[in-house]
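Dropping the structures in below, format is structure tokens.
What follows is subunit A paired twice: with subunit B in the first complex and subunit C in the second.
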Partner chain A sequence: MAWTGLSIGLDALSYGMVLFIISIGLSIMMGLMRVVNLAHGAFAMIGGYLASFALKNAGYPLAIVLAVLGTIAIAFPLEFLLYRRIYRKSDELTQILLTIGIAFVIIGVANYILGPTTKSIPLPPLLSGPVDLGFRMIPAHRIFVTICGVCTAGLLWLLIDRTEFGIRLRAAVDNGDMAESLGIKTQILFSATFALAVGLAAFGGVVGAELLPVEPFYALRYMVTFLVVVSVGGAGSIPGAVAASILLGLADTTGKYLAPEYGEFFFYLAVILVVFLFPNGLLGRRH
Partner chain B sequence: MTDRAMVDGVSPPRFSVPLELRAVAITLALGVLGYTLFPDDLAFLTRLISITLLVLSLDLVTGYCGVATLGHAAIYGVSAYVVGNACLAGHSDPLLLLLVGAVAGAVMGLVSGVLVTRFKGLPQLVLSIAVGQLVAALANKLSSLTGGSDGLSGISPGRVFGVYAFDMYGRTGYVFSVAVLMVVFVVLLRIVHSPFGLLCQAIKDDSLRARMIGARVYPRLVLMYGVSGVVGGIGGALNAINTGVVGLDSIGFERSAEALVMLVLGGAGSLWGALIGSIVFQVFEHYVSAANPFHWMTMVGALLIAVVLFAPKGLVSLGGLLAGRTASVMRRRP
Partner chain C sequence: MSLRFGLVGAVAIATAWMSPAQCDTIKVGIIGTMSGPYALFGQNFKYGIDAWVAKHGSKVGDHQIEFVYRDEESPNPAKSKSLAQELIVKEKVQYIAGLYFTPDALAVAPLLEEAKVPMIVMNAATSAIVEKSPYIVRTSFTMWQNTVPAAKVAKARAAKKVAIAVSDYGPGIDAESAFKKTFEADGGTIVQSIRMPLNTTDFGPIMQRIKDSGADMIFTFLPAGPPTLGFVKAYIDNGLKASGVKLLSTGDVVTEPDLPTIGDSGVGILSTYHYAVSHESSENKAFLADLIKAGAKADDITMASVAAYDGARLIYKMVEATNGQKDPDKALAAVKGMKWVSPRGPVSIDPDTRHIRQNVYLREVVKQDGKLLNKELQTFDAQPDWGLAKN
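Showing the complex of A and B:
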């Protein structure tokens, strides 16, 4: 029984870390630009596709870098043409419709160009084997994902808490107009944050491809999950996103281990309970 | 009566006396038009009407109350399953089944409303999605009641008024559906122009101000969700009665998202918008998606972006320019 618990815990942790890496970009965007970006999953999907493409000619680390940069390059025109219109001002309905429209277009185009099949992202030999933990064999990839998640959280914390960029970002989150009048170019800040968010989504899409397989409907299938993580964690909060990812990863994994026939029932039950008890997220702030 | 006049004084022009008559005439005309255009495909039209009721139901909460929801198909699907089960249990009178669907929808609507309208913004959106997904997961699990992924089949309703049997060409089903749509539409017109409906719009425009003038916001929104549930439930019932099959697709996220797309295309906050949006979208879909479902997805996406950028108030606002002009001319007459 204890071993089962530990197994569930380890799986939940790695799944939660994937959720965290992808969702944190969305969370930062929502905290700063107040944009409910339903196309965030589509950007993670683009990252996965680009990586599977790049892996035919390049090594795994290089493929990750190429996928992240490529996704940012693809997403940037969208930021320039569409997202800029909805930063901080539109009502949710407009944002939902615009971003779900973008997600639909990306799904349709991906399906047209790449076909409906799942694209494999082969792991390097170092990560594809199992690792013996004494009581259980665990895929090395899970450990790698967990380390990626911890590093992402740490680096983001450094970026936001310790750098000039982070100070400006927090200023703009707290009071955009005041930050603007103090000479912070919020438009540039928004664009940089958008690129960061999209890059994180692509990174998560690549390293998490073993757990969330890359196929055209990825964008919709997991979008809801990412949105839920942000809402449960509280928009813009890194510790909140970590807590929410692990909590929801645990709810989902436990449900699937103990009552697989219920599908995502327990996951959404947990979501309803948490959102009802903490409408601003576990560690979110009141706007 | 004075209330109505005062409200009319400040809001955009609103048709007064012949509104319901006009709605009856237009739905009848649309019904006849549909029958002449697609005489061999009445099944498509009855499906269209059933979805139209879902879109109208969504309009009540999204358009008139400002609640952003992506889980509205839960109401539609639950009602369809309840009606299917009632019919399989031997209660086959179509009118009784409609009533069953309406009650099931109302219950589901009230439950959703209690959960979803409690908060605004992101928590609201996420709660609406979570409720929808929870119900969809349950529908998949409880396969003894829903047939799981195979769907619930073998629903064969009895004769309407004990006289008109549902034939294989779907003529009875079509006339029945048009009649239901007409009645629902007229009743909804009364409701959205009633003090209760106007209060809901006031809450949508500025919920703080509505609270300041003494409106109890949360109970009103939950009540409107219940009304919306009745309408969505009737839509789900029509789906079960006409097709004889209820599948998981009638309860899923895609159905909710699609209904929202139709509503916004036509124009949220107007019953005419919901009607126009769902008709235009589905007729378009009927032709295009048959050719290639994935081009269809790209086109819907592009259409959504275009609507948000160029016609944020929907198709009805384009037509509304004309209608507004005639209405103001008519109002000037003594």
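Showing the complex of A and C:
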């Protein structure tokens, strides 16, 4: 029984980490820039597609880097032409209409150019196949994904809490006009943060592809899940997103193991309970 | 999309305008998944029909046959029903065909008798569909038809304890009942029976559960599409394959377009199905060549194309029998008991159930000349739909 619990815990942790890596970019956008970016899933999907393409000629680590940079490159014109107008000021309806429109366009283009089938992101031999932990076998990539998640969380925390960039960013978020008058170029800060959020989405899209397979409808299929992670964790909070991802991963995985026929019941039950008890998310700030 | 509909409409009006009075056009409405996650199968309907038309011409006697396509997109009964209504009322189609999903086929069924329009189901695989109207005939397969042989294979391969994992919807439950009934009647034990929600993508916990149950074989069915891949990968990566648990499925889990993505670790997976693209016969060879001519890519061909090809054959036969008149009873009578050699092997339309009787093959994923394919190992001759035959 204890082994079963541990085994569920491991599956939950790795699934939660995939959710975390993808959702944290969305959380940053929502918490720091007040943009509800419904095209976030689409950027994760673009990352997956680029990696699948890059893997035909490059190794896995290089493909990840190319996918992240490529996605940022694709997203940049969108930032310049569209997103820049909706940072912080515009009303939610404009944001939602704009970003979901972008998501639809990306789905349509992906479906047209790349076809409706799932694209594979073949793992290197080191990460594919099972690893024997003694009490159970676990796919090697799940361990890899967990490590990726932990590193991402740590580095992000350092970046936002401990660097000059983080201090400026938080200043710009708390009072944009004041920051601007102190000589902080908020526009550049926001563009950089947007690139960071998109890059994280792409990274998550690539390393999470085993659990969330890449196909054109990825962009909307998992969007609800990502939004749920953000609202349960509290927008903009890194520890909040970690806690929410693990909690939701645990609810989903336990439900699937013990009572698969209930589908996502336990996942949403956990969501309802948390949001009921913590209306701003587990560690969210009141706005 | 609306541009395409616009063009189809414009062409339809133009042809109606220009065609002389004595040469009539008979319209056939095809409802298929032309876009969306299952677009591959809608395209396969089109390839199959185009291949038939390319070979046999677009005319039956003096009657020009025109196929009008509509997009069912996803399991969406309300939409499929309104598409069928539009085809019947506005396009005045004499036949409806296609239908990838069971719920969609069931939604269209009640319209047929009143409109006197026969329907040729080219995929939807729940047994009960043909019972919903006397005007339905099916050229695809049913879950029972493909699963009963699977249970026989499990027995023959000395499986003692089987875990069943199926998608939680009509065909999945059909597959579960068919396997359970057949396997238990043969003295086997089902240790675990899991119904997985259709949108499951993380199969790790389910694999763990199967492993804990001590099963020596898994029988599974998921509809062909993105989730099948995740299931097979989870089976391999969670160490079930390495520890000797066998995987047996219906062919939906290992459709040919998915095989390259499953990769070499898929070698050895057993499945039972009515059609393998690699089926060896002169009819299949010619059929594949015709599909490629019709614009299909060799790696995109699935069972939906052969069902559409044979469906088009039935439509031509019906038009011929009724001489282009709207007479569904006569049309149905003409195809009941019809026998021919399809690219998948010898088939016939069961006169009682109006479902296709066909060989079901046991296949194994193998690598031949660097290409993964489903190699046929064993043939179960002329299988009826066991789901309907049981009554």
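In this text, the second predicted complex is superposed on the first by the 287 of 287 C-alpha atoms of A that agree within 3 Å, B and C clash if a C-alpha of one lies under 4 Å from a C-alpha of the other, contacts with A are read in each partner's own complex, and residues count from 1 in each chain.
Note that in this section a contact is a pair of C-beta atoms (placed from the backbone, for glycine too) under 8 Å apart; a residue touches a chain by one contact, two chains touch by 3 or more.
Computed from a predicted structure; not experimentally measured.
Q: Is A:Ala44 in contact with subunit B, with subunit C, with both, or with neither (first, second, both, neither)?
A: neither
Q: Which partner does A:Phe104 reach: the first (subunit B), the second (subunit C), both, or neither?
A: Once the two structures are laid over each other on A, A:Phe104 reaches subunit B alone.
Q: Applying the touch criterion given at the start, work out whether A:Leu250 contacts subunit B, subunit C, both or neither, answering first, second, both or neither.
A: Once the two structures are laid over each other on A, A:Leu250 reaches no partner at all.
Q: Which partner does A:Ile24 contact after superposing on A: first (subunit B), second (subunit C), both, neither?
A: neither
Q: Pick one for A:Ala54: touches subunit B only (first), subunit C only (second), both, or neither.
A: Touch partners of A:Ala54: none, neither subunit B nor subunit C.
Q: In the overlay, answer first, second, both or neither for which of subunit B and subunit C A:Val224 touches.
A: After superposing on A, A:Val224 lies in contact with subunit B but is clear of subunit C.
Q: Could you look at A:Glu261 and tell me whether it touches subunit B, subunit C, both or neither (first, second, both, neither)?
A: The answer is both, since A:Glu261 touches subunit B and subunit C.
Q: Tell me the contact category for A:Val271 with respect to subunit B and subunit C: first, second, both or neither.
A: First partner only, subunit B.
Q: Considering only the contact definition stated at the top, list the common interface residues of subunit A for subunit B and subunit C.
A: 111, 116, 216, 261, 263-264
Q: Name, in rising order, each residue of subunit A that touches subunit B in their complex.
A: Touch residues, subunit A against subunit B: 30, 36, 82, 85, 91-94, 96-98, 100-109, 111-112, 116, 216, 220, 224, 227-228, 230-232, 235, 261-265, 268-269, 271-272, 275-276, 279-280.
Q: For a test of understanding, state which residues of subunit A touch subunit C in their complex under the given definition.
A: 4, 7-8, 11, 14-15, 111, 115-120, 122, 128-130, 132, 136-142, 210-213, 215-217, 221, 252-254, 256-257, 260-261, 263-264
Q: Under the definition above, what is the set of subunit C residues touching subunit A in their complex?
A: 35-40, 168, 194-197, 199-202, 204-206, 208-209, 211-212, 226-227, 229-230, 233-234, 236-239, 242-243, 257-258, 260-261, 263, 265
Q: Across the complex, what residues on subunit B touch subunit A?
A: Counting only subunit B, the residues touching subunit A are 62, 66, 68, 70, 115, 118-119, 121-123, 125-127, 129-131, 133-134, 137-138, 140-141, 253-254, 257, 260-261, 264, 268, 294-305, 307-309, 312.
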